[in-house]
């Protein structure tokens, strides 16, 4: 038996981390001035972070001991990582919300770009008219193409993940699929678009050689997005399925439940929250794609409800086009930019809604661990 | 410009037409195309014209593959493409003619400098990185009266392959060959360094954001930035639509092309007084013949509207382009009239 | 009925294990009985898996087919390739740029993603955590264009920092100023692009790691705590080891996006010749090269661009192989 | 109807490792058979081969025969799912389905085998099974709450209820009472006594008094050392095993000061 | 040096649910105290409050005092980490660290405290702890294999080895033998006997004979019904509890036909 340890080891007062943090910032500003002769936010931030870290560790280590100090530093690091990561994230969201919020109105949501021309924007900028145009067609395009992409990717992705986790074991096909799915995540989005377009052009040429340009449809875009989406769905689902305890499967098998039913009724419901969250992130990932949509679905200004014929616009292509190729270049480009930000806001709201929906579904189906 | 008379509308607009025609191509025409399609659709409620501003290369590629009824292109077809067009467009191949003429501005953002005169060789040296401050002797020589700061020059070019770059480089090659020793292409020569930005908008924004920046961009997009006057002959010419049109009128047609081919070799090195030689001319490509009468009617109606006085005026208003001259228009109209059904 | 039987475990579609124990003459394998439901279901999953292989094969084939023109040109007349010095001297600066930007993005994003995931699962107040996770998920949805615009704005603010970096750390080649002693005036350097990429891949990595950290068995965490581990020690003993393979997967997902991201990089980066310094303008990534040149490309140029797409594809393949090898090597034997 | 199980020359492997060697025993219908022995001797392993549950473990394999009423459950054309429907199992560790309520857990076996069952039948069955597992009184007011919210012992009894709800012919129990308090254990033992009127019950237990109390026949397994396979040392009537075993090994194990 | 634990008027809640009500008891140093009672009566719950492990469960809270040698472990300024370092715990379910080898598992706690431990010290400690948990012989040849590859009983003993390797002052054991065979159980009981020379041991068990064998004092908990809180019914010397309890409730429970 070694020495007796004290229960109430010395502990820094609760406010200490905050005091140290504030002190570090002040010291950092001072040092910033002394050494670099000026106030530079990144320099001060980095400096403050380092000083804070060292100070927390030194103080805590001398007072509370090394382990506690490590814990404090780790907590500080993790928390600052979080806060620091939030800065760009919030700035991005804020940019979208503030710019989009200022521009958005019901008309933008209900009109298309049909009949839109630069002179109208010039009049708007000159204060002679209200903002014309809108992106109803792009909202419809986004929703349709995304749904179609989901209809293709989710079954393929989830089933593949099930194959990998439940059936493949360690066989070669399983390993090959796992590996290639990883590779698939690295396909540049434009290549996915070109592939889908080439595929459907070939098919269109075989089926209807006479018709020109029928390969560019919403469905082609959905296929392109699926190429991007499937690996994310597979990867996420696979990881989540592997976490389902073997116990549960055994319990089910022991009741004489066939494997497939065990998977459908026990394994999937247990992991549904994780799977849905993976699907949501996959949707979020592809719903913002620009390049593959432009090469596969063309660029429409009008409303098109038909996935299988005619061009379509989506919110990202709309945003891209409005920002980079304004209806009226020059001074009046600001009008296009306003529409673009409003569309970006709608896109984020759309994903937010999807995310919420997924969470609600997950909550209903997820394991009930509450006691 | 002229006024939109009833006659013109019925000429360009035939409200019996039903259907969709599709075009792919140059992004430079995008703003003009927005105006044309909007106006055309209001006169022809049964017709839709789609245009995807994917780029000139994509436009020509898709058009030659039969995936679009017409294309927009910042460059005319080369010999090979002319041959290829005969496969999709019948024995006479494709017709091409300019529809959109736009001056390219050399825009700058230098504090305290509102006006700037530049000679071709100075421009070339600036974009090559050989002149690196604003108070360089060469610039002073062009601007004896200006108060030039010693700000570092940030030369901004397009990072993407673009018609604007190609036209700009062609101009420098023609007027300052000694200094501009790179091959002309849509890609800015990387070895010349400088800052690059994507798209016209990216270039304009970068210039606006950076003190001491200079770049080239479609004139319609540069807004309130300073626009340099360029040396033509012995005088410095200010950018204007009229000045831009003048160059096209002074240019020769490309030789050895068919009847319907109105491709131009622009006279960049013109010394004609009042001509502004840094221009971009963007073409429309159509087939000499289509498979059915409906398409022929639709294409004819559409293209006629595009080149009509009304169409050109609308584009000038919305997109800031330079209208075609009456002379050129009548040439083009003859070409459009000769589009026919295959066989 | 055979007098003696021997069956192997693993699922219906699993490959039978090779006979692992010497019982010659004893074992005769009966046909595995598979219920129709199981057969249909396992066939469905197998088909889905094979479909993925087909898609990938399709993409690879497409890339290869479209690359033939470049390959031919490379053999017949290398000077016809962009840059005039053949395909390899055209592509290798792009490869370097791509690898550097992805590596930086990953190096920056992974610790932050882990930090966020840990914070939201093990440190944040319980009520707040899901909301935070939710907000971060949203960021995956912001379109590249918006990231691009934001990145351009960011770039402007970074110039002072880059100047400072080059002043104090210029002796490190990646922070060196150019021959005039200047750094990029616009801040649109590969470093900026990489930082924006890291923010773009953050939600992707975070989302999966968070789910995995949440699944750490309570028993494991309690085991550590009961030994007197501090929270951080508990995380190191239970949470991180448990999440290891998941973290690797998540990182690979992020890497995929970083390698393949086109539009944001295309908008932010001021591309140019390959340079070691990351604070002056220059360098280019494959995906961005494709995005910037694709619209005007035709014929051979188009084929070149698709060929570099193929190169990127191969890079992804190699990087993944490498990563897998490392993960396999470092993970504890067995378990 | 219960079944007789004949185990003939059964070897069990985990990959290359021979965990159990040459087991042969005859398990009578309508009886309780207890498997006892030191930890790691392969009791759980043998038990799992009786309903082919070992097949779930990658690499596990058997050679030899297990006959149920004369039919080899490892024979050609035998579906393990059918085997498991007739041979129920309760595990060492309680494993209720976390997504299901207490009631759904009890009905899981019935429901998942897609038997249509009317609401009143379901209620009856739930009550019957839960009463049988001595859990009814504790949970009757919270049948729709999640099963994972129960204490360890309660969860184990829930699993027993779930297993008996499908009315199997043979019931395998791997240390079913190891997490239970005496009152629950008593109830389970009573239940086992009731069950043996109709079913064949095989139970793994460390509690020798429990083996002595509930079983008709007892199998003693032992292991010579680590890495060696477990072996069946003696299989006999429980009374014989505990009063007058044939082998000295058995005697030594039994006469430990345990109870 | 071992510690005395005074529990004063302890109420334990899971959210709003009062799981345990008004427990007061004095646990003597250098003794073994057993907690017995029917399932769900709150034995595990009480045990976990002795090293603040209940704090891991969202919503769990206590009111009352737990004094260790007079210091309230819930007092201001007390760090639960310190508490847990002095109060080791072995759980109902074995929970070895799956990514660590057997040896690393044993050393896990020690490594936390003293980063630098010489290889020979580490080897010694590993052997000592594993011997103490009666696992040494079974695993000495595979110390570097993962701990999760062991059988249930072996895993549980590994966890005991891990807990005693850090030489705590108090050792809490929640049904540590419920998955063990008699031989291992014997070893653990011997170990507990050894430990009490130096440590304070608190053990939850369902095996009343075990309680009788190993403990000096026994606390009997009971629960009036579902949803009611568990209460301490009687706390006395083990001999008194088993031979001559004060309360009839205790008598009834003890005199069940269990052993």
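When the chains are written out, they are named A, B, C, D and E in that same order, and each has its own residue count from 1.
We adopt the following convention: a contact is a pair of C-beta atoms (placed from the backbone, for glycine too) under 8 Å apart; a residue touches a chain by one contact, two chains touch by 3 or more.
Source: prediction; values computed, not measured.
Path length between chain B and chain E in the chain contact graph, taken as the least number of steps between touching chains: 2.
Number of steps on the shortest path from chain A to chain D, with steps defined by chain touch: 1. Of all chain pairs, the one joined by the greatest number of contacting C-beta pairs is A-C.
Work out the mean CA point of chain A and of chain E, and you get 46 Å between them. A straight line joining the Cα centres of chain B and chain C is 40 Å long. One inter-chain figure worth recording: chain A and chain C are separated by 15 Å, centre to centre, where each centre is the mean of the chain's CA atoms.
For chain A, the set of residues touching two or more other chains reads 67-68, 71, 169, 258-259, 261, 323-324, 371. Among the residues of chain D, those touching two or more other chains are numbered 56, 58, 80-81, 93. With touch defined as above, residues shared between interfaces to two or more other chains in chain B number as follows: 27, 54, 198, 202. Per the touch definition, chain B reaches chain A in the complex via residues 20, 22, 27, 30-31, 34-35, 37-39, 41-42, 48, 50-54, 62, 65-69, 198-202, 218, 220-224, 291, 314, 317-320.
Residues 1, 14-15, 17, 68, 71, 73, 75, 77-79, 81-83, 85-86, 112-113, 167, 169, 198 of chain E are the ones touching chain A in the complex. Contacts from chain A toward chain B in the complex involve residues 113-119, 122, 201, 210, 212-213, 215-216, 294-295, 298-302, 310-311, 321, 323-331, 333. Listed in rising order, the residues of chain D touching chain E in the complex are 37-41, 44, 92-93, 137-139, 141-142, 150-154, 157, 175, 178-186, 206-209, 225-227, 253, 256-259. For chain A in complex with chain D, the touching residues are 169-170, 245-259, 261-262, 265-266, 269-270, 272, 365-371.
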